[in-house]
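In the part that follows, the structures are each spelled out as structure tokens.
What follows is a pair of complexes built around chain A, which joins chain B in one and chain C in the other.
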Partner chain A sequence: MRYFDYIQPENIKQAGESASHGWRKALLYAGGTDLLGLIKNEVESPAALINLKAIPGLNGIEYSEREGLTIGALVKLSQLSAHEAVRERYSVLEQALKETASPQLRNMGTIGGNLCQRPRCWYFRGDFHCLRKGGDICYAVDGENKYHCVVGGGPCFIVHPSDPAVALLALDAWVTIASAKGTKRVALKDFFVLPEDDIYRENILQPGEIVTHIHVPPLSEKTVSGYIKFRERGAWDFAVVSVAATLRINGNTIIDGKAAFGGVAPKPWQEEKINQRLKGLSVKTENFELLSAEVLKEAEPLNQNAFKLPLVRNLLKRLLVQLTAS
Partner chain B sequence: MKKKSASSSLSRRQFLKGFGSGVAGSVALNKIASALPLQKTLEKAADNANRTPLKLSVNGKAYRLSVEPNRTLAEVIREDLQLTGTKVVCNHGECGACTVLLDGEAVYSCHILALDADGKSVTTIEGLLGGEELHPLQKAFVKKDGIQCGFCTPGQIMAAQALLLKNPHPAKEDVLEGMSGNLCRCGAYPKIIESVLEAAKKD
Partner chain C sequence: MADSKIIKSKYFFEEDFTEELAEVSANKYADWNKKELKVVGKPVSRADGYDKVSGSAVFTFDVILPNMAHAKTLRCPHPHAKIKSINTKKAEKIPGVLGILTFENAPKISWYGKSFLFDPHLRYEGDEVAFVAAENERIAEQALKVIEVDYEILPFVTDAAEAMKKDAPKLYANGNIRGGKPSIYERGNIDRGFEEASVVVEQTYKTQVEIHNPTEPHCSVVNWDGDYLTIWDSTQGVFSVRDRVADVLKLPASRVRVIKKYMGGGFGAKLEAGKYTVMAALLARKIGRPVRIALDRKEMNLSVGNRPDSVQKLKGGATKDGRLTALYHYSYGAAGAHPAGAGCSWPLRTMYLCPNVKTEEYTVYINAGRARPFRAPGHVQGFFALEALIDELAEKIGMDPLKFRIKNLTDRDQVFDAPYTSKLLLEAYRVAAEAIGWKNRPQPAGSDAGPVKRGIGMSSQIWWGGGGPPAYATLKLNRDGSVRVIAGSQDLGTGTYTILAQVASEVLEIPMEKIEVLLGDTAVAPYCGSSGGSTTAPSVSPAVRDAAEQMKAKLLSGAAAHLNVSEAQLVYRNGVIQTKGKNKKRMTIREIARKMGERVLVTTGKREANPNGYAINSFGVQFAEVEVDTETGKVNVKKIVAAYDIGRVLNPKTLENQIHGGIIQGLGFALFEERIIDRNTGKVLTTNLHDYKLPTVKDTPQIDIRIVSKGDSKISNTGVKGVGEPAMIPTPAAIGNAVYNAIGKRIKSLPITPDKVLTALQS
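Our next item is the complex of A and B:
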């Protein structure tokens, strides 16, 4: 790895002020599992890393029935999936976390870093000066695009690589963002950005803005939730596609529900129309089949990835059947 | 590796070297012999400027080191401490060969900065030996043939050790899950799983 300075900020303000995207680029650094890969591949060559682990108070998890779950951004993925409230109440999040990366990486990577990780497009990670890196062509369009997006793409066609983000979206999570200037709350659905809005970033963070906490609202007693990730092998692998759902059920009726999809779009994906149709839907396999057929209606697959459409639709149907079975 | 990587410190060192040899050249003309130590001191100062103190406990032994921020834990373990049992294969956090325990938890030492381990305790494969006596996991890998070429083995054993520390009596599924961050190019997987289960039987 090329040389960089290692900055140990004492608080958010210092960290925010040290961050810069100017000629002396200083990047936020948490577990490093994503960032060190980018540095080793020379996709990033920062002059300094700002070690967020040095800031106290960002690695706790709190739960209350009234407030729900508050997760410090520096909480390790393994620490989060082992938390009692996550295991007992937020199955979708627990399942997504357990399917993320490998045991070692889950001991190293943080939840904040997971939400802010950069795309896995092999051209982006490799030696290609593509659009996202400031070049003037997207190599995926005419290249190997089996794992690229089917919806929300253009002019760049990445998929967002995070599993936990898909679960958190189905849970209506929001984040606290802090900088030297102050703090703000943003719903997770407004946190991620599409390439058409900004091709150089995957989220709204400006240099110096730091995710400090992730909040998950409480769930009612009658809520069930789950996550299905399709991957090509048993050992660690990024999702080819994934589906998350939370459903509030009363008797034979879904009172309301949320579905979210990974591996299909440049951001964790949600369709308002589908969530609306879940409201009041009676529990029947035919209904789930009809609903699933409506998913990703606006999709425009690239030449190698149309297979993602039936895959996602079938996985949603399977998840709905599983979650309503008992 | 270390030299190649430290590019900005390198340029600084190069500058000082240039400066140093300039001095050496002119002093050679004047036949004064003390220029070399001066150059060494300047180089050392440049190196030290880029280094940060690091306190580590490795296999129960306390170390006070001074390292450049861009060096990984694996590099420090292998190069500075000469504990070469820890192997680096992918150097990308993808294969598990470099697995060590950090405060009892399995991590990829190639994909974590040495400075991130400051104040923590590290266990490497060397730390499992009790004198000349093999650790039960090592014995189990020998007995069950959990080794082919052996290059992934130190990492496999450290991942297994982390697993057994948390869950001394794992079911086969737990072992499959716990070992899923370690790849074996030789494909010794069935025997590796048997070895871990064998060691678990013993405790």
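Our next item is the complex of A and C:
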């Protein structure tokens, strides 16, 4: 670990200014559950660490039927999953939060940090000078790539590790991004970045930009939602594949719906075609099977991860059946 | 009273038979009757329980000495390289750096046979390049970064099959196959055996490299007091560490003291002195300060041992009525970069009655961390293959796999042609089959309806674990009637402190609270072997009983002197010594102990010889019930029933702990754990506990333990067989067979991960 400056700004403006001097020179420190490990393992070697925890106004959760849910970026995962509105109305988010990491990590990790965490690729995290770290090859392409992406990859083949991000994508969430210059609003689907667009980062944040809030639109009464995370062991494991869905149902018909997928792509993934086909679909297992078979049609698995395709399709079918069962 | 002699003692320890001279007790004691026992066999709580749950237990990792320096190791980042040059000047200049050792300034100490403590030829990622001591770990780490090493990168091989090829990069001048040839065992005539067979099954099974990953990393704290060296070490064998360190540093054994109190697991990786211990001792002497070295998790996953992988080609023949006629085993496994054993054919040689057997095993060097014994070396992987083959044979002849096994039981060890001292496997089968509901397993395999399919599978188990001499225990009676038991054994977290106190308490009728056990100190304790091979309880508990019985005789003698009666008139019962007949004179044990106190000599008990002409083995069976989700490929183990013949149970609580631990570790091997090496760079990818997946509490099944044995008086005065390794041996095989029963497809390589299951289901 190298020496770094420790900065504790009192407001977003100061934080934005402190963080705006160069690419990955100053890193934002919220819960630290990912960041401190990255620094200790020298995946990141920042010149400065900017502690956001003293900044007021980033700790709250607000809910109204008109505005939906507004979540401060510093809200802990365990705090969010326990919130009444989340439990009553946003099952998909609650489930994704509760499936994340371990209780200890959920008590420390923040929702903003969770969205901005770095990939778990073992080459990226390990002693390899890979593309994403400024090297000139992706070791996963011809290497050990069982956990890597099946779609959206190239020239780097990471998967995005967040569970809540997948749920939030299915909820049409958006984020507020602040900097010294002001604030802007970005839909979550436009927040994440594929390697073909930028190999060095997983989201659009520029130096000095900070996610301050996450907004989730209100859901209509008839909406059901859920999340299935598939991991190899029972706890403390990232998703091999995960599936989130929100469905507005009337009688025996899905009025409209959204599905999102984790563990398959370098960003939380959704397919417009699938969401379109959910519209007006009548609730029938065969329909769900047919629909699921269409998921990730453009996938190009690497030599060890083709199993993710039947897995993601089976999980989507299972989730749709579960959500429409009652 | 004490009667002893010296014998040649031979028993199985981890990877091979040991033979050594031992002083053994010739004292005979009445066999314990389970019903009359008051302490032994009872669920006594752990002596170390409070210390551990309260956090006050001091492990080696926690030892802090005044003025202690902290060390770190620079390890080779390449799978195969030579040091062309090394420059430590920049590192030496960092304030707080106290000393650096490299191959250039360290004494040339022979290690791993053909290598050295510091060897400029680096044969695996993680091989030691330099050792730095500094004021703290952070400074030591900084120093590692500025040591300049010019490596000559050499071609590498990290796969055993590749390494066996003629043109493979060589780790040693005479090639990558250890000894240049396979190790072969043969009995009968397998060609004739296969001719007699009406069915033959031939299959290849594979198992992965497993890393020990104990909770407490390998660590030592060393301190010189003049020419006297004290080492606190996280070790399974204090005497083994003492001997090695004394030998390489050319010190008299009397000047090396090795201490270990509490330990966070070893599983076989801590059976020998680590290089780090010797490096720390060298540097501590040089800088004149105590040195602490503790490995980090990455080093644990690279450098201090593993269960070698295996490729096992098995061929089995049986008659239509279910008699095994021939078994053939061909295997190879990766020992890593330095000598270690990778054989796994013992189960096939010993488990079932079969007159014609041949095994052919290759141990292969590759550019990766060295294999070490790991909880039942060879057996865990060997049983996975053997028990799959047995199930496949049974299916082919249309016989219930349990019946097929029963039909091929043997009451003799077929390798040494000797009867077992005891074998209650049939009873274990009966009890466990009933508990799991064997009759209700899906038939045929894969016939359970629905996407989540249930299955039941089984595996037998054989292990040695009878222990044997030499093992000694000293017993001291204190002035207040309390007792100190001292033995050069060690408690790995298994409960040795507790069970030895129970034995002394049982014999002397002195309460547990008044008995303290001191283990793991070479300066004060008489010799015991390393804690491995499931030998600690069976070796050491009889020595403690011997010591306690001798002390009991002294108490009787003392009471006789005090009461002015003859010893023959006295009985020792229920905490009281009293005369027979009328006009009773009596003293409580406490009274006589107080009277005698330290004024009597200590006693030293000795493990008696093992019986001649017998084989001592433990036996058992596990049945696994699993659910396989055919849409995700996930295997959920619902229940394990484990039934064992392990002789006498000294303490059902610590026994259950050991069996739970073994089953969970076996489950990890069956489903999750695997060292993965990047094929292109030869570097290990699983160097932390996220990528190297140990099982979690959520993966733990319901565990049902049945013990069918009461004690085996042929073995020793306590009649114990070890259970540490037997607990793990059958778990992966039982789970593998249960998965087959659930889905009707056999996963022939471990771990049984969802991708393999999904791929198998799609084929």
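The rule is short, and it goes like this: the second predicted complex is superposed on the first by the 319 of 326 C-alpha atoms of A that agree within 3 Å, B and C clash if a C-alpha of one lies under 4 Å from a C-alpha of the other, contacts with A are read in each partner's own complex, and residues count from 1 in each chain.
Convention: a contact is a pair of C-beta atoms (placed from the backbone, for glycine too) under 8 Å apart; a residue touches a chain by one contact, two chains touch by 3 or more.
Because the structure is predicted, anything quoted here is derived from the model rather than measured.
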Touching partner for A:F307 - first (chain B), second (chain C), both, neither: second
Chain B versus chain C as contact partner of A:A260, first or second or both or neither: neither
Touched partner set for A:M108, first chain B, second chain C, both or neither: first
Partner chain(s) touched by A:I249 [first = chain B, second = chain C, both, neither]: neither
Partner chain(s) touched by A:A235 [first = chain B, second = chain C, both, neither]: both
First, second, both or neither for A:L188, with chain B first and chain C second: neither
Doubly contacted residues of chain A, that is, touched by chain B and again by chain C: 1, 234-236
Contact footprint of chain A on chain C as seen in their complex: 77, 138, 141, 631-634, 671-672, 676, 678-681, 683, 685-687, 690-691, 693, 695-699, 753-755, 758-759, 762
Touch list for chain A against partner chain B, complex: 1-6, 31-33, 36-37, 40, 47, 49, 51, 53, 78, 101-105, 107-108, 234-236
In the complex, chain A residues that touch chain C: 1, 120, 122-123, 126-128, 139, 142-144, 146, 230, 232-238, 240, 304-307, 310-311, 314-315, 317-318
Residues on chain B engaged by chain A in the complex (per definition of touch): 5-10, 50, 52, 68-72, 91-94, 96, 99, 102, 105-108, 111-113, 115-116, 159, 162-163, 176-178, 180-181, 183
